[in-house]
Amino acid sequence: MTDTRVAAAAAPSDMSEGMSYLSTLPQRVVRVYMPLVMIVIVLLFPFYWMVITAVKPKEHLLDLDKHNPYWTWSPTLEHINDLLFKTDYPLWLWNTMFIAVSATVLSLVASVFAAYAITRIRYRGAQWVGGAIFLSYLVPPSILFIPLSTVVYQYGLFDTPFALILTYPTILIPFSTWLLMGYFKTIPYELEECALIDGASRWQILTKIILPLAVPGLISASIFCLTLCWNEFIYALTFINSTENKTVPVAILSAFTDGDQYRWGSLMAGALVGSLPLVVLYAFFVEHYVSAMTGAVKE
Amino acid sequence: MFKNLGSSRNFLGLMFMLPAAAFLLLFLVYPLGLGIWLSFTDAKIGTPGQFVGLDNYEWIVGDSKFQTAVFFTIFYTVVASAIKFAIGLYLALLLNKHLPFKAIVRAVVLIPFIVPTVLSAIAFWWIFDPQFSIVSWTLRQMGLIDGNINFLGDAWNSRYSVIFANVWRGVPFIAISLLAGLQTVPPSLYEAAVLDGATPWQMFIKITYPLLTPIIAVVMTFSVLFTFTDFQLIKVLTNGGPAGATELMATMSYNTAILGGRIGEGSAISTAMVPFLLAAIMVSWFGLQRRKWQAGGTDD
Amino acid sequence: MSERNFTRRGVLEAGAAIAGASVANLSLFASAWAQASPFKPEAGAKISLLRWKRFVQSEEDSFMALVAAFQKATNVEVKVINESLDDVQPKASVAANTNQGPDMFWGLYSLPHLFPAKCVEVTDVANHLGKKYGGWVPSAEVYGKSGGKWIAIPVAYNGNVINYRQSMIEKAGFKEIPKDTAGFLELMKALKGKSVPGGFALGRASGDGNAWVHWVLWSQGGNLVDKDDKVILNSPETVKALEYAKELSDTFVSGTASWNDAFNNKAFLESQVSLTNNGVSIYAAAKAGAAKGDAKAKEVMDDMNHSLWPIGPVGKPTEFHIAYPLMAMKYSKVPNACKAFMAFMLEAENYNKWLVDSVAYLTHPLNAYDANPVWSTDPKLSMLRDAGKRTLTAGGLGSVGEKAASALADFIVLDMLASVCTGRASIKDAIAVAERQAKRIYR
């Protein structure tokens, strides 16, 4: 027993082993495994449904009684084919990636400077500024989109990717600043003190000391920002007009309706393929996602 | 060298803040002011407006569609957040236990959060179809119901359906965040409690929950904020229907301003959301204050 | 009169020849036309045209062939942008506001009247076409003219009619759709009784939904506004219309409150609903499916038919079909090219073929096209010929303008009916809410 306790104590991130010897297996099945399985099924079912519908032949889609809806024996790639080759999907994908990456880069740069300024430079009023950044969450896109569309016209950005590249940072900067503030605080100040005494400029400290040590934080922040950009809808819907400039979420919604007939197979294929880039990214960087979410929350 | 640091520090701080400040001032603060101004005009798409004072606000306050939207926005936020919290906490507690394949389960659980909302909304739209829903079909096959469930065509059904979709989407974020919080609770506390004969429920109430409160405050604030200002889910699933039953203030503002062309009125609806959000922020801000005190640190 | 007869015969001959005409024939005509037309495009012009996304594939194919012919004949490049029906108006509004965007917009109902000052005047085109093809139907003049001048060409209508399954109404004891509203209600009750219910959209379906709710309102004598644009919604006739609608909706299949324009197509094609209202896109889809060998689609195609709307106590038809006006924006650099395209579209050699290919999805605004073969080849489609003549205009008795467009965009009448039919509001309250909204729009 002592060994298990020691082992548990030595693995700080997983403290669950500690008292599990107290519950029996049947108890655990009922109390833990079954509810967990049920919840996971509910969480995953819509994706399963998306995948199945995307590969079902068109005739089977609406005839639930004749063809078992939960599975298909004759999967077809025609919907995905239609999506990739008969619509502008590659173009929309490119648009979305370009906008997401550009906005993320801009936001990160701004956030790095801002976070460093607040946590380290500690100029007068830094605390208030930190609070003010938090306040910007009070005005989310669904409040700002109307006047912002007017602003976007005024600056001549309407219907261009720059309308989104320049407005997304307002959503991304607060979050990444917060996150990076948390990371910067964990870097021992002594390192900077020594550098300052040695005559390094703030810029050098930032680039040579802080940034390399904060790489995990930067990765987490960028991945989260990319996800937020992909997920953004109302600005993309309002500021972009022509089909060739649309982003994936907006385009999928309008691409597969022939006036009054929805092509569900293609819609689902679009939904599926539209989610894949993010899911792939996520699969490679799960830990960074989790630490991004928890890092911001713990702040 | 250090004596100049005072003024140059402020200057430097300012310079470093400049990029972030520029974005936020140009694309957040200015539009916010513009939006408030617009709400006092009768601007339409195509014509700049003239000042009309409180006319738009008087109109929307008396408009039963707006009243319904306010009601449902609050209802939607409160109910969905409460359910998300309960299920999220429960899921976090489950995940905190000793499990095989824990990392994979945790990764899988986050997927609804990763996938763009619009795309999973499309999947739900199909699942909630009035004639061809898989859920209706399955229940019919099992003999539990007769006809098709009218998910999105009946007022209250549609409200519960969209709440369900929102909960589905939001639970992962809450669960994973709370899980991180749970993992900071030292197991020695639990062990001591067990030795003293505490039941699991007592341990939860007296140990887990109080230590989790600060994280709960932050997580729920975000959740409430995002739920209140939700747009995508409702737009895709019901677009405010049937007959305005699931209209949120955000969707109503979009339909009024962009589709109906009445920018002034739409801005009034958007601006009306701000007081509610302010209330939510106040609540969470005091929650945060409490945290620092509880953890023994000072407010810094 | 004789000129009209001549034109009709000429059209009939041309029409007969066109059945199966190829693009080659079209371009032959097109070049000849380009020489003779009074509307000459600017040199090196490029037009971008935004249109509503097609409902019938063959209509779009035919339209694109027309565009190709025009391009070859005049050397004017035409880019066609497709947007969903409901998006055309917001995008046109945005373009009118920012003075940039597509040169031409092809939208619905009273779209041009939202910004009449920004539309290129096309009186010369309208007069030319009217003289050549037997005159415009009255509703076309209402939709196309503002202040005595033509600001848009109402290129076509979309006839929205009752689609029904013959076998199912026979099961309910009826041989055809009753011609009066009282009889129609009996039919719907009988259909429900025999478990083959009908259904009309109660969700925000801008095409089908608006069509049937305005029919109900007008057929019982109710109106949103009078001819002076004064709101007269609060009237005993409106109450009667809402009572009728409620009784009707009690016979619907469940779920219609979440129907947009696509749902009734889906349901009808899967035999989940026996009767609904729609353009001919359901029939066209069934035909297309049958041609590909789908037995289910063939069954639907053979069994279904269309019918005109029943007539209510007011004693005359109160139908509401979609009008599709085409307008050119003043900020366009090539207004003459736009006018040339408008004229080209409605010339017999092009228009006849296009009407035939759209399988009666589109109806004409010019009288000479009554003779087009599409109205006589398939008896199931012939009743759509008069859609343009029978339709009332947006705004009902009142003006076709910005206010009517706003009222439609806000779904005032549709929401009023939906809230009564779904039981969310009493008749009195629903009328009060709609009246208040209408008064704001029409003030």
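Going by the order they are written in, the chains are A, B and C; count residues from 1 in each one.
In this text, a residue touches a chain if its C-beta (ideal position, glycine included) is under 8 Å from a C-beta of that chain, and two chains touch if they have at least 3 such contacts.
On a predicted model such as this, the values are computed, not experimentally measured, just so you know.
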item: Centroid comparison with subunit B (C-alpha atoms), farthest chain; value: C
item: Dominant chain pairing [most C-beta pairs in contact]; value: A-B
item: Length of the line joining the C-alpha centres of subunit A and subunit B, rounded to whole Å; value: 15
item: Centroid spacing, where centroids are CA-atom means, of subunit B and subunit C in whole angstrom; value: 41
item: Chain centre separation in whole Å, for subunit C relative to subunit A (CA means); value: 43
item: Residue numbers of subunit A (touch at least two other chains); value: 62
item: Subunit C residues counted as touching two or more neighbouring chains; value: 94, 97, 266, 270
item: Two or more partner chains touched - positions in subunit B; value: 132, 258
item: Touch list for subunit C against partner subunit A, complex; value: 52-57, 81-85, 87, 91, 94, 97-98, 101, 207-208, 261-262, 265-266, 269-270, 278-279, 281, 285, 294, 296
item: Contact set on subunit A toward subunit C in their complex; value: 59, 62-63, 153, 158, 241-243, 254, 257-262
item: In the complex with subunit B, residue positions of subunit A that touch it; value: 8-9, 13-20, 22, 28, 32, 35-36, 39-40, 42-44, 46-47, 49-50, 53, 61-62, 64-65, 69-70, 106-107, 109-111, 113-114, 116-117, 121-124, 126-127, 129, 133, 135-151, 166-167, 169-170, 173, 177, 202, 227, 230-231, 233-234, 238, 248-250, 252-253, 264, 267-268, 270-272, 274-275, 278-279, 282-283, 286, 289-290, 293-294, 297-299
item: Partner subunit A, residues of subunit B touching it in the complex; value: 9-10, 12-14, 16-24, 26-28, 30-32, 34-35, 37-38, 87, 90-91, 94-99, 102-103, 105-112, 114-120, 122-124, 126-127, 132, 134, 137, 168, 171-173, 176-177, 180-181, 183, 185-187, 190-191, 194, 215, 218-219, 222, 225-226, 229-232, 235-236, 250, 253-254, 257-258, 263, 266-267, 270-271, 273-274, 277-278, 281, 300
item: Interfacial residue positions of subunit B with respect to subunit C in the complex; value: 45-46, 59, 62-65, 130-132, 147-148, 150-155, 158, 238-245, 258-262
